[in-house]
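Please find the structures below.
After this come two complexes, each holding subunit A, first together with subunit B and then together with subunit C.
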Partner chain A sequence: MITNASLQAIEGQPGSFVARVHQEPRYIDEDKCTACGTCTMYCPRPVADFYNERLDVTRAPHIDYAQAIPASYYIDAKACLRVNYETCNLCAQTCTAQAIDFSQKPRDLELEVGAVVLAPGFGRVDNEVLARFGYGRYPDVVTSLEFERLTCASGPTEGHILRPSDQTRPRRIAFLQCVGSRDETCGNGFCSSVCCMYAVKEASVAKEHEPDLDISLFFMDVRTQGKGFDAARKRAQEKYGLRIIRARVPNVDQVDGRLLLTWVTDDGKSHTELFDMVVLSVGLSAPEDARAIAEASGIELNHYNFCKTTHDAPLATTRDGIYVAGAFQGPKDIPESVTQASGVAALASELLAETRGTRSVTVTYPEEDTSLLEEEPRVGVFVCHCGVNIAGVVDVKAVRDYAGTLPGVVLYEDTLYSCSQDALKSIAEKIKENRLNRVVIAACSPRTHEPLFQETLRSIGVNPALFEMANIRDQCAWVHSQEPEAATEKAKDLVRMAVAKARLLEPLAQPTVDVIPKAIVLGGGASGMTAALSIADQGYQTVLVERSDRLGGNLRDLKWTLDGRDAGKILKDLTDRVNSHTGVEVLLGTEFKGMSGYVGNFTSSLEKGGQTELVNHGVLVVATGGRPYLPKSYGYGKSKRVITQLELESRLSKGKNPLRNVRSIVMIQCVGSRGDDMSYCSRLCCSQAVKNALKIKEFKPDVRVYILYRDMRTYGFSEDLYREARKKGVIFLRYTPDRKPEVIRQTRGIKVRVYDRLIGDEIEVPASWVVLSVGIAPAENEETARLIKAPLTQDGFFLEAHAKLRPVEVAVDGVYLCGLAHGPKSLEESISQAKAAAAKATIPLAKGKVAVAPIVSRVDKSLCIGCGICENLCPFNAIRLVKEGKRRKAETITASCKGCGICASHCPALAISMGGFTDSEIMAQIHAFSQRECEERRES
Partner chain B sequence: MKGDIVGFCCNYTANVPAEVLKEAGLVPETLRIRRLPCTGKLEVAAIMDALADGAEGVFVAGCRVDECHNLTGSQRASKRVAYAKEMLKELDLDPGRVEMIFVPRGEAGPIIQAAREMKTRIAGMDDAMTRALESEGAEQSK
Partner chain C sequence: MKKTGAIMVLGGGVSGVQTALDLADLGYYVYLVEKKAYIGGFMAQLDKTFPTNDCAI
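Coming up: the complex of A and B.
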């Protein structure tokens, strides 16, 4: 990881680039720094804390936030006295790890790389734009980023919401949306896509903290189009009583120390109210250095200075071999950014498939010394100071000496920083010298440091399972920082418990399972084909299974993409490539009938024309798609004049002829979506309607086009289309679900009755055609979900393993997800996601082996009564019943087991135990915990 | 109505209707805002007429001098307010009954402040108008 660096230039060709990078020094050695914070404490130079949005101060040496990676401090060179004036040097003197190094110089690096990924994120909205809303003039006007810090427990106010002007609690807060978005006057004509939802989130968090708060949110349109977002927004509105006002507030005034907002609602009424605090929901601008990045990397930008991409290749820049992910490609939220991040990995991997593994280094470990275990437990305890992090509160030496009194302990020492390279070396030597066969380290969290210490054990031939950690930093020094004596006693308790458990630890095997280097992709639509091609391009055999007799899926019905590309050509390119690729086997007219096995070793049955074929494969990608909702309302199916958007597209694809006798077209949004049959937002219908409206205006400008909508959700750059449509005279009328438009069939023609909010009365619009923007319904996902044992959402789409962190994986290992099967999305988003699923699916294929975590459940078959409770409860499908003779016995599929312990805790015969957490080990820990109390009682 | 105040605002200084401000309880009930295309249009006679029609205080809210939409409109208005003050003195009226204020564009805060200040100002006045109103009030109560 090269931090503090900027890209200077990229030279060469795809596959053999040279990236020139300039790196400024951190002045703190990342390898030596233990993130203890002493330097920050001693530094005399205060600087604004940028992580906390300058609401707080920190010192020249600091870390932005506790979880920052690398977990190392750095020195703000602009503020540091030593760097600028050669004075001070206090931090270097106080750093016990000797990590501070002022001899560091700026470096220019030349990196040989095959592919480049640009992910610089987004930039800020200009302060000048914020100043229009009183920001900078009135202290109680804050940005949403500042408010986020104010509501954060680790923020400057420890999570208490206080007005910056007088540090009092606000009673009324207003959120103003679209600040720096959907605003041509500031250059950001696009929609930032994420602000509506994050404002609802921030308002909810604030209400959780201060239930008496009165919160109003000012929207133009409520754009919560993400998966599950509409439901979450509705819940928040009901649970927290958020007041939603549809108006754009032009400016902010201050009266009597409070903030005065004036707005006009769409019924033409003017309103004025006072608030205590105003939060500006700032949008996502292009990165400030976008131009510099573009020049250095030789790519093109779009008219908003974001990276230029196309809808059929959303992750590719205009230069081959350079890819883009995240908000630099266009404003987007976390799940989409993470998805794109995986997607670009696939692109890079496709490009560099030939060279895979040529520069990787394989770590080898010495044979395990099994003779160690023949001896009695010989426990070594190392108590860590962590600089002052632990030793500042806990009496480390006392804990160390106490450890020496515990049974089985042959070595007890204290170390300054156990995790430093020197310390690890010395620990390894001491383990060898003393023939330790159990190691206890009393330090920080096993979550972060256990793998490091286990690695040390492995490197000297000790099984890593013979290791136990006591977390005396978090659980003693941190939480009891005001009570050093009690903290020390608690540290002793934890060490005693750890030692008691350690004495019973048994070595665990580190099994690996071979992976069948083949993937199955279910579904031959745009997503499925993209995923299959990507996996094949990365060098692995792929079977593309399509139920119907043609490839293409919903893409077949699409005529144009949102950026005006010919969808037919995209479809043809995809199908041609799929059909001609030697790595892709296409099975048309084939049904997926079932799957058994586990990651790396699946067997699926595929049925074609009554014949069932079994295919062994390592991974599965689900791209089974969705289908357009078939409306029952608005007279659909009863008149040729009432059609869907896709049917309109098909008519328009024949040119302007079909519009010959058409004088007026009415489009109705949210047919099926957001309430009727499907509770969710179908995400793309708004952009699709605007796209088609523009096509109509292009062919025949005098056709009157009306779009009846609830919220225009033309997020991202589609906002341009929305604006263009308004300029071209498309009429947008908002309706509410309690006053839906009515389609009235007359003897001649058809008309639509709708309530016009501005006039305050119903109007009737004659319509040559009525176009229904029908939503996207899930396909037959229930059946597929049952076969692969994957969960679905309430709406009937596949549920990802984690909405933000694992957006294309399913809870079942080795199964991945993309396209409409995951939820409604545009072609552009489907392609990004298909690439992401392909990248994830290739990981086990490329590794060739699946490492099985040693902490898995084990069944003692002599105790198992075959009741099957464990099989039913296992959320990962990782335990099954097998016949042994006449009896059924449970068996763990170790490759799938996550070590959650549900089976072990429910087994009525106590036949299941967890590696590293056996009943006897846990009982020993509990007994050790109560031991001291028992002794005390006995004495008294 | 007793305590009537008239505010002459231009298109750029009056972005909030007086009714809305009154509903929100931010300004005295007795405020009436008269909107002009530009305060430069305002004649001295109009100010005097407002007083003759029963207003006890008048303020004129023009653009800030450096950002007047019509360049010199608010400066003209300010001169006329000065004339009006002279005339009030001659009539044995408190010149404080007329005031010029300059308001940054689109801000309602200064208008609210001006209306409130005018209210307290006229309440503390002792001139021909207060006396006349008192005797009128006394007659009515008889």
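Coming up: the complex of A and C.
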């Protein structure tokens, strides 16, 4: 990790570059700094706290936030007296760790690398642009990032929403969308793709803090097109009573200390209202140093200064061996950035496959100290403040002292943020010093933080199973935020229960299993082919299974990509490479019939022409695609004049004059989507419609084109297409779901009746063709999902393990996901995601071994009566009956077991126990729970 | 030409960090180069994330 550093130049060629990097000093030795904060305390130089968006001040030596990595302070050289004038030196004198080092000099590094990934993110919108909306002039106009800090418990107001002008609580807040986005006058003609979501989030968080707030959001279009986003937005709207106004960005004035907004709605009416605070939903610009990065790395930028890429190779820059991921490739949200980040890892790994492992370093853990367990339980309890997240409600110190009264507890402490690097270090030291053999952390959720703390235990030779968490954040501070005393009592209960359980915890083994170096990819569309090629290019044998007798999937019906590329050529290139690659075995006309085993050791049955073949493999990629929605409305199927967008593309690509006799075309958006038949937004139909509208205008400019829409969701750079379509005379009319357009068939031709919001009346538009922008429906995923035991969403798409942290993995280990099987998306997004799935799938293949989760069931064979209930009930085929002598006995297949506990809870002989959740451990927890009540009763 | 089994990732925001982790898992050495004093990027400044309101840090 090289911080405070900038790229100077990249020389050489793919596979063998030299990257020149300039690094400025931190003036604090990372290895010595204990992050105690003394330097900040003594420094006389105040500086704006940029982490808190300058809403607070800090000192020249500081750490941005408690969990910052590296977990070391640094000195802001611009403000430091010692650096600039060789005076002061107070920090160095007071630092007990002697970590302050003013002898550090800037360094120029030469890094020998095979490939480069550019992920510099995005930049800020100029203050000049924000000033148009009163920012800088009126103090209560804040940016969305400033508001983010205001709502944050670790922010300058500790999560209280206060007006910057007078530190009072606002009653009415307005969010202004599209500030610095969709606005050619500020140079950002694109849609930033994230602001609609974060505005809804910030408004929801604000309402949770202050339920009486009155919040209005001003949208041009509501662009919540991501997976599950529309549903989440609707829920937030209803739950928090958010007021949504569709208008161009309002004008902002200040009147008597309040903010006067003026806006015009699409019926042409003008409105004014007063607000106490205005939040500007600021868009994502290209990084400020985009030009410098481009020059240093020798890549080209697009017309907005983002990295130039194409839709068929979204992660490749214009220079071979240099790749791009995240917002620098185009504005995008966290799940998509994480997906691209994994995808780009696949690209680098393809290029450098032969060098794998030549430069890597393996982490080793010290051997476990088994002597610890010979002693009586020595429990250490650490109670976390989580800033004010817990401590704002729960009396942390009281809980800590209470823990000290519990049997077996030898150490009890409180920590500000137990997850911060310095806290982890200190916890590790205390475990060693006090020879703790059981550790309880009362903090947040084990779902997110248990692995982190267990890693800490492992790093000092303590078995990670000797650890228990009490979730006093979610279960006390959050749900009982209005009753601090009761929350504190409940926290004590949870700690008492955790300690009771911890005393009985036993170490668990951490087995590993070998991985079969082979992958199966299900589905031979664009995503499946891309994933298969990537895994094969990374050096592992791949079987590509396609149900139909041709490769290509939906890509076969697409004629042009959104950036105007020939889809047929992309298809041909992909199929040619797949067919000629020695690492890819293509099985056409083949059905996937079942899979057994576990990550690293799967066996799948594949059926072709009535014959079944068994294939052993280590991982599985699901790329089974989706299908166009088949419309039931608007007269589809009854008239040749009513067609879908893909059928339009097909017509436009045939013959010399495909639009002969066509004078007017009406496109209808959201057919099947957004509550029509399917509840979700299909994401790409808006961009597809404007793409085809432009194609029509290109062939025959005098054809009148109408697009009837609900929200134009041409996110990202597709906004350019939308603007161009408007310039070329395409007419956009917004409709609402309660007033859908009607298609009226006549003896000659067809007409569409639609409500015109500006005129305030219905109009009738004659149409030579009506083009339905049909949504994307899931394929028949139920059967595949059942065979691999993967969950589906309510809408019938495969559910990822975590939307942000694990966007291309499913809940079953060793199974990965990409393309339309995951949800509607464009070709560009499918390709990025397929690369990401390939990277993730290759990780276990490359490691050659996988660690098995230690929480598994264990059968006490002396108690087992061989009834077989467990075998029948296990959803993971992870328990089987074996003959032992004359008797049948159950046995766990450790590597397949997910630790769900169904077997243990149904065993009539109580012969099955779960690691980390044995009957005695759980009973101890329950007894501890009732203990206080019993005591209280006895006393009364 | 001999290839080098190391990769430079420029930018330590959520994208760069994820790339670095995946590349390390895939068996390569990674230089993570960040212009600021800390990794984390803009995401570290966020309070919660849409739509689940999970903590961003």
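The rule is short, and it goes like this: the second predicted complex is superposed on the first by the 698 of 940 C-alpha atoms of A that agree within 3 Å, B and C clash if a C-alpha of one lies under 4 Å from a C-alpha of the other, contacts with A are read in each partner's own complex, and residues count from 1 in each chain.
Everything below uses one rule, namely that a residue touches a chain if its C-beta (ideal position, glycine included) is under 8 Å from a C-beta of that chain, and two chains touch if they have at least 3 such contacts.
The structure displayed is predicted, hence computed values, not measured ones.
Of the two partner chains placed by superposition, only subunit C is touched by A:327; subunit B is not. By the touch criterion defined above, A:251 reaches subunit B but does not reach subunit C.
The partner that reaches more residues of subunit A, of the two candidates subunit B and subunit C, is C. Of the two partner chains, neither subunit B nor subunit C is touched by A:868. Once the two complexes are overlaid on the shared chain, A:404 sits clear of subunit B and of subunit C alike. Contacts of A:589 after superposition on the shared chain: neither subunit B nor subunit C is touched. Residues 1-19, 22-29, 31-55, 57 of subunit C are the ones touching subunit A in the complex. Within the complex, the subunit A residues that touch subunit B are 250-251, 253-255, 260, 262, 270-274. Residues of subunit A touching subunit C in their complex: 1-7, 13, 15-17, 19, 21, 26, 51, 53, 63-65, 67-70, 74, 111-122, 145, 148-149, 151-153, 155, 197-198, 200-201, 204-205, 228-229, 232-233, 236, 289, 293, 297, 325-328, 333-334, 337-338, 340-342, 344-345, 348-349, 351-352, 354-361, 444, 448, 538, 803-804, 839-840, 842-843, 846-847.
Of all the residues in subunit B, the ones that touch subunit A in their complex are 15-17, 20-21, 23-24, 26, 106-109, 112-113.
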